[in-house]
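Both of the next two complexes hold chain A, though its partner changes from chain B to chain C.
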Partner chain A sequence: MAERKVAWKKRTDNTLIGGDHQRIDGVEKASGHAKYAADINTAGTLFARLLTFKGGAAVVKSIDTADAEKTPGVRAVHVFNGAGKEVRWDGTIVAAVAADTPEQAEDGVRAIKVAYEAKPHWVDEEDLPGATTGKRTKPLGDNKKGDVAAALKAAKHVHKGYYGITTISHMCLETHGSHCEWDGDDKLNVHLSTQNVSGTGGQFAGPLGIDASNVSITCNYIGGGFGSKFAADEWGVACAQLSKKAGKPVRLMLDRATELKIGGTRPSGFAEVTIAADAEGNITVWDSHHWGTSGIAGSTISLGQLPYCFDGIPNRNRKATGISTNTGPNRAWRAPPHPQLCAVTDTVIDDLAAKMGANSYDIFMKNLDKTPKPDVYAEEMKIGAKLIDWKAKWHAHGKGGGKSVKRGLGMALHRWGGRAGATTCTVKVHPDGAVETFLGSQDLGTGTRTVIAITLAETFGLGINDVKVNLGNNSYPKANPSGGSITVGGVSGPHRRAGLEALWKIYDLVAAKYKVKADSLSAKGGKILSAGKSVCTWKQACGLLGPMPLEVQGQGPKNDGLTSQGVAGVQMADVSVDIETGIVRINELVAVQDCGLIIDELTARSQVYGGLIMGIAYALSEERVMDNRTGRFINADLENYKLPRIGDIGKLMVHMYQPDSEYERGVVGLGEPPVISTGAAISNAVANATGVRVPVQPLTPQRVLEALKGGQA
Partner chain B sequence: MRDRDDQNRSGPGFNRRDFLKGSAAAATATAMATQGSEEAAAANLKTNVFAAAAQNVTLNVNGKDHTVKVEPRVTLLHVLRNNLNLTGCKEVDERSADGADTVLIDGKTVLAGSRLAIECEGKKIRTVESLRRGEKVDAVVAGFVKHDAMQCGFCTPGFVVATRAFLDKNPKASLADIQKGLGGNICRCGTYQGITACALEISKGGK
Partner chain C sequence: MRPFEYARPQNESEALDLLNDHDANTAVLAGGTDLIALLQEDLQAPQRVVDIKQVESMQGIAADGDGVVIGALTTLEEISESPLLADYRSLGDVVDGVRAIQIQQMGTLGGDLCHLPNCWFYRNGYGLLALENGDSLVAAGDNRYHAILGNQGPAKFVSAARFAPALIAWGADVRVIGPDAGSSEWLPLEHFFVTPKVESQGVSVLKPGQLISHVRLPATAGRVSSTYEVLQMEGLDWPLATAAATIDLDGGVVREASIVMGHVAPMPWAAHEAAQSLIGQPVDEVSAGRAGEIAVAQATPLRDNAYKVQLAKTAVKRAVLSAADMLEGAL
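Now for the complex of A and B:
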């Protein structure tokens, strides 16, 4: 018999993989039947509300919860930060109250008496001189490559500028939180809104003093995570403690303001950059000093990845300074910290092109030799340029036409890893032909369930709905946390391996029973075929298993070619800028994205559309606004923390770059990359339209008008 | 809620409670004004505005009458979600700026979080759950699935209700109509492309 080898099918043999497939949980979600942690209502469930600190920094002098405990309906009070504790940023939770109704819990919160002693605070993330005077800065390293001074002397074109991108929040629509219910004294059932079903049980068990084996974590649906929901969090543990105290189940979800303040942020970065090129436009120098904040820890975007994607620039100085601010701590925000790196690199390259009087496209193209994937970028740029009609639309910087409304083009490029995460699954094939799988994974909205069903259905020659996918519980085999674009690769590899192993066992049974050669068999359309001729149905084949189901474990990642890593990606923007109001409108955005083998192109495209729209948000409107006087996050609600709405996105065009060379790479993660270069592409388009760089994203009307006032438009 | 009150002190949201809180803060100007003590001071002064007792309210939801015992201050959203377990409408923002709590009252879209339950007696309330009966799903639900107009799915039910009501009223909506008419809802994952495609398909592009 020929050697059996784990691999994906030949591309042309696929009946499902690579097609457009509706997600299998789509109706559940769209009809409101999907249950999130925020929706769990077991009998007697209490509702928790939070008392949070509102200010920059303080010490809790005293806290008195006696009146809260006596408030009608209140069943338990939990103090997070009692007398003597420091509270170091706006939104820090001081206490929580659980009551029969949310309204009564709010009464309880209002009845808590707390006194603070104010401490000095600093929340300005951009003002480096001020932060230095206030002793809020720390050096985060510097390093050199080549000889910047000599190369600057030899350069033909030199540009110096200031760039930046502010802190934003994750703003999950389902806030962080959980529903906790005890089963006896030492068994805890948690419905947790989490990206980390398999890894959070112990985080409850430790602080609660129970065995990790006694904590059940369930998450069938999660209302957004974007990198901020990997932990049980102190409020998760507090939910369990409130539940224990009250002797009833408790649901504790952060309120919107607290979600924005402490549920996770993306660090900021501001940079002074000098860039230079020779007469042909080859970039020869990069010299940058950047700063920003990640919260009290005082970090900023990483030093080691600047200039982003163009690591091959021969002469380079770089230096970073962190600012410690009294602000909610950072968490991984989709593609950390690539959007910020891109925002302070590709804008600089675009300004260099403007200074040279060159077409930005040509300067990016010329310098691709300094990137990790020159060939892929070049192909993607050509496709993107065609889609947006770059050649016809291009004009020199500042020649955006129109009296009050100027139009412009911009582009940027990005990269990401996306290696498969470590996951195990148990695939069961029942004697009646039913197929199911179990794994402690989660579906963030990327379509995890659907890609698993497609993978197994393709392998067994079944329909997508013939596969039952069980995920979202930590009693299932361990799966990777979903962060870093590692889940689709993480789950598809093990399922292909387990599926093939199961199929081969079934082939052997069929071969023995029907006197055919096992290596002549294939599975298609619910049948087992030998050299293309039907031998038996899938059901009949599974009947040969005997009374017990066949159970196979799949693991990954392995170096067998099912998955790999590393993607490029190019985005282009066509915008209109109203120079009287400062309002930027998106006309068109183009994304060209590679990601290896695509399992479900419909959900893959959705990821890219979503990336573009999140990109529009942080490029144009979304930011955390801190008030340095009070230390408060002053726009912590959905009215003033501006996200684009359905009419704000313009025309979006997504091209999945998938020549056979991509298919042969196997599955590579896609979640992060499409959000990375959108901001820089939009900023570059605005600069092209107006001839003025709006240095800091988001490009709010105020920042646009300020830049125009100071510029040469 | 608490944040809104604080921020709107001199704005349109000015009310008695904020005024009291402001006075308390001014009185203790030397010390740091704190939420807790402000609230406590306000609470002492306004004992006469405590919530009225819970009472029976009968709501007609998805064609069925439900009687629940709730305080007059309780929103329709909380009754639907917490008392009736109809959790398709979501609590996303206390200001209802996002549309995830969209339901239909007598055929019109209403943000359930900004309506008191007692106001809704005698009215016909419909939630997203009514758009699916077993295997039968409404064309908007099916269209959202077909065009993958969802990712995490948390904003999706609100968008589905808003889209259903919008298309009922504007069966020949154009792209521009859709972009304006569905502007009351927010999605964080970025699913507007699919939602637009779904609505345009049902309205046949306005033609």
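Now for the complex of A and C:
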């Protein structure tokens, strides 16, 4: 018998992989049947409300919960920060109250008496001189490569500019939180809105003093995570403590303002950059000093990855300074910190092109030799240019036509890893032909269930709906948290391996029973075929298993070619700018994206659409506004924390770059990449339209008009 | 949200009686698009909420001689769809600018005129004037969305009433009823709004226990109008600056004009000199642009909002051009 080898099918042999498939849980979600943590409402569930600190910084002098505990309906009060504790940013949770109704919980919160002693605060993330004077900065390193001074002297074109991108907050549709219910004294059932089903049980068990084996974590559906939901969090543990104290289940979800304030932020980055090129446009120099904040810890975007993607620039100085601010802490935000790195790199390159009087496309193309994937970028740029009609639409910077409305083009490029995360699954094939799988992973809305079902269905020659996917519980085999674009690779490899192993066992049984060669067998259309002819049905084949199901464990990642890592990606924007109002509108946005072998192209494209929309948000309107005077996160609401609606999106065009060379790489993650270069591409398009760089994203009317007034080129 | 009594009067008189209990610590509920948020955020804590939606006399749009009377309970959608208001285009422009179907269907004209400011200091619990030990938090804090005119006193928020510029530019009157069951008064809408010097003054002349019942528009008399709102977002969003213009054109030349700006001051801001500058002129880029310049000549922007001067100027120019159907090339 020929050696059995783990591999994906030949591309042309696939019936499901690579096609467009609706999510298998789409109807459940769209019809409201899918239950999220925020929906769990078992009998007697109490409602929790939070008392949060409203200011920049303070010490809790005293806290008195006696009246709260006596408030009608209140069953339990939990203090997070008691007397003597420092509260160092707006929104810090001070106490929580659980009560029979939400209103009673609010009454309880109002009945808590807290006295604070105000402390000085600093919340300005951009004002480096001010932060330096206020002793809120710290050096985050510097390093050099080549000889910047000599290269600057030799350069033909030199550009110096200021760039930046503000902090934004996580804004999951379903806020952070959980529903906790005790079963006896030492067994806890948690419905947690989490990206980390397998890894959060211990985070509850430790502080609660119970065995990790006694914590059940369930997350069948989640309303967004984007990197912010890996932990049990202090409010998760507090939910369990409130529940224990009250002797009833408790649901504690952050309110919207608190979600924005403490649910996690994307750090800011502001940079002074000098860039230079030779007469042909080859970039020879990068010299940057950047700063920003991640909150009180005082970090900013990483020093080591600038200039982003163009690591091959021969002469480079870079330096970073962190600012410690009294603001909520950062958490991974989709593709950390690539959107910021891209925002302060590709804009600089675009300005260099403008200064040279060159077509931006040509300068990016010329310098691809300094990137990790020059050939892929080049092909993707060509496809993108065709889709957006770059050649016909291009004009020199500032020649955007129109009297008050100017139009412009911009582009940017990005990269990401997307390796497969460690995952184990147990695949069961039942004697009646039913197939199911179990794994402690989670579907963030990205189609994980669907991808698993496609992988097993393709392997067994079944339909997608013939596979039952059980995930979202920590009693299932362990899976990595879903973050960093590692899930599709993480789950597809183990399922392909387990599927093949199971299939081979079934082939052996079929071969023995029907006197055919096992290596002549294939599974397709619910049948087992030998050299293309039907031998038996899938059900008949599974009937040969005997009374017990076949159970196979799949693991990954392994070096067998099923998965890989490393993607490129190019985005191009066509925008209009009203120079009398500073308003920017997206006309068209093109994304060309590779990600190896694509299992479900529909969900892949959806990922890219979602990335583009998030990118439009942070490029044009989304930002955290910290008020220097009060230290408050002053726009922590859905009115002034401005997110795009459908009318703000424009026309999106997504092209999945998938020549055979990509298929042969195996599966690579896709979640992060499409959000990275959107901001820089849009900023470059605005600069092309107006001839002026709006240095800091988001490009609000205020910033656009101020830049136009300054005529900053 | 704190507990409150809920009452549902059937007529104006009942409504006023109910509003004037509890020392008038009561609130009027119409569409609820502002009040519910105020209650949820604990910015208002009335002992009784008086739901006036059943008061029939305050509903509907009716011809009134040559003019039109609009009940305070009229929804934005009804305003947009009424044939009687079709020639008052500046009102329809406001409805279009609101964009959110939910607000258009629930929000009422009276509610809009009484809408409390969206100032983020107010909405975060610092009061209308946002004073701390007599110092203005707005002046020292982030004031990017605040007033550029009429901001020299303690009030630095911008009026949230989106219909007010258009209605005032049309010369609308407003009927205020209460606090006694029998009392009612018509007054020019321009006189309805106040810029408070102290917190208790509120944003209008309404005293506790009073409410708006109707708005009356004069005949269009052939005049044309438009509202231009500078909106950052295509969805539900507060305007950064707005202007409404009502113009009497005679053979292409302006015979009479009225211009009122919104979201630039603590109250709707009539730009009389700007309007005056149009008289005797044809409407074109030059005359409209000049009106815009004049409208903002006295602006006193705060630290962060100088850009709003440009926006207000543009809004005036574009409202004038749009009223004359001459606006081209704006986003």
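To be clear about the criterion, the second predicted complex is superposed on the first by the 711 of 713 C-alpha atoms of A that agree within 3 Å, B and C clash if a C-alpha of one lies under 4 Å from a C-alpha of the other, contacts with A are read in each partner's own complex, and residues count from 1 in each chain.
Basically, a residue touches a chain if its C-beta (ideal position, glycine included) is under 8 Å from a C-beta of that chain, and two chains touch if they have at least 3 such contacts.
Please read these numbers as outputs of a predicted model, since none were measured by experiment.
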| item | value |
| --- | --- |
| Partner chain(s) touched by A:K54 [first = chain B, second = chain C, both, neither] | both |
| Partner, of chain C and chain B, that touches more residues belonging to chain A | B |
| First (chain B), second (chain C), both or neither touched by A:L652 | first |
| A:P431 touches, of chain B and chain C: first, second, both or neither? | neither |
| Touched partner set for A:T101, first chain B, second chain C, both or neither | first |
| Which superposed partner A:G445 touches (first chain B, second chain C, both, neither) | first |
| Chain B versus chain C as contact partner of A:Q702, first or second or both or neither | second |
| First, second, both or neither for A:G417, with chain B first and chain C second | neither |
| Touching partner for A:Y36 - first (chain B), second (chain C), both, neither | first |
| Contacts of A:C172 with chain B and chain C, given as first, second, both or neither | first |
| Shared contact residues on chain A - chain B and chain C | 54, 103, 106-107, 110, 634, 637, 639, 644-647 |
| Residue ranges of chain A touching chain B (in the complex, touch as defined) | 22-23, 25-27, 29-36, 38-39, 41, 45, 47, 51-55, 58, 63, 67, 94, 101-103, 106-107, 109-118, 171-174, 221-226, 255-257, 444-446, 602-603, 605-607, 609-614, 634, 636-639, 643-647, 649, 652 |
| Residues of chain C touching chain A in the complex | 1-3, 42, 99, 118, 120-121, 123-126, 137, 140-142, 144-145, 230-238, 240, 304-307, 310-311, 314, 329-331 |
| Footprint of chain A on chain B - complex, ascending | 1-4, 6-7, 31-32, 34-37, 39-40, 42-43, 51, 70-71, 73-74, 78, 81-82, 85-95, 97-98, 100, 127-129, 131-132, 137-138, 141-142, 144-146, 148-157, 160, 178-180, 182-196 |
| Chain A residues touching chain C - in the complex, by the definition given at the top | 54, 103, 106-107, 110, 402-405, 576-578, 580-583, 585, 621, 625-630, 632, 634-635, 637, 639-640, 642, 644-648, 700-702, 705-706, 709 |
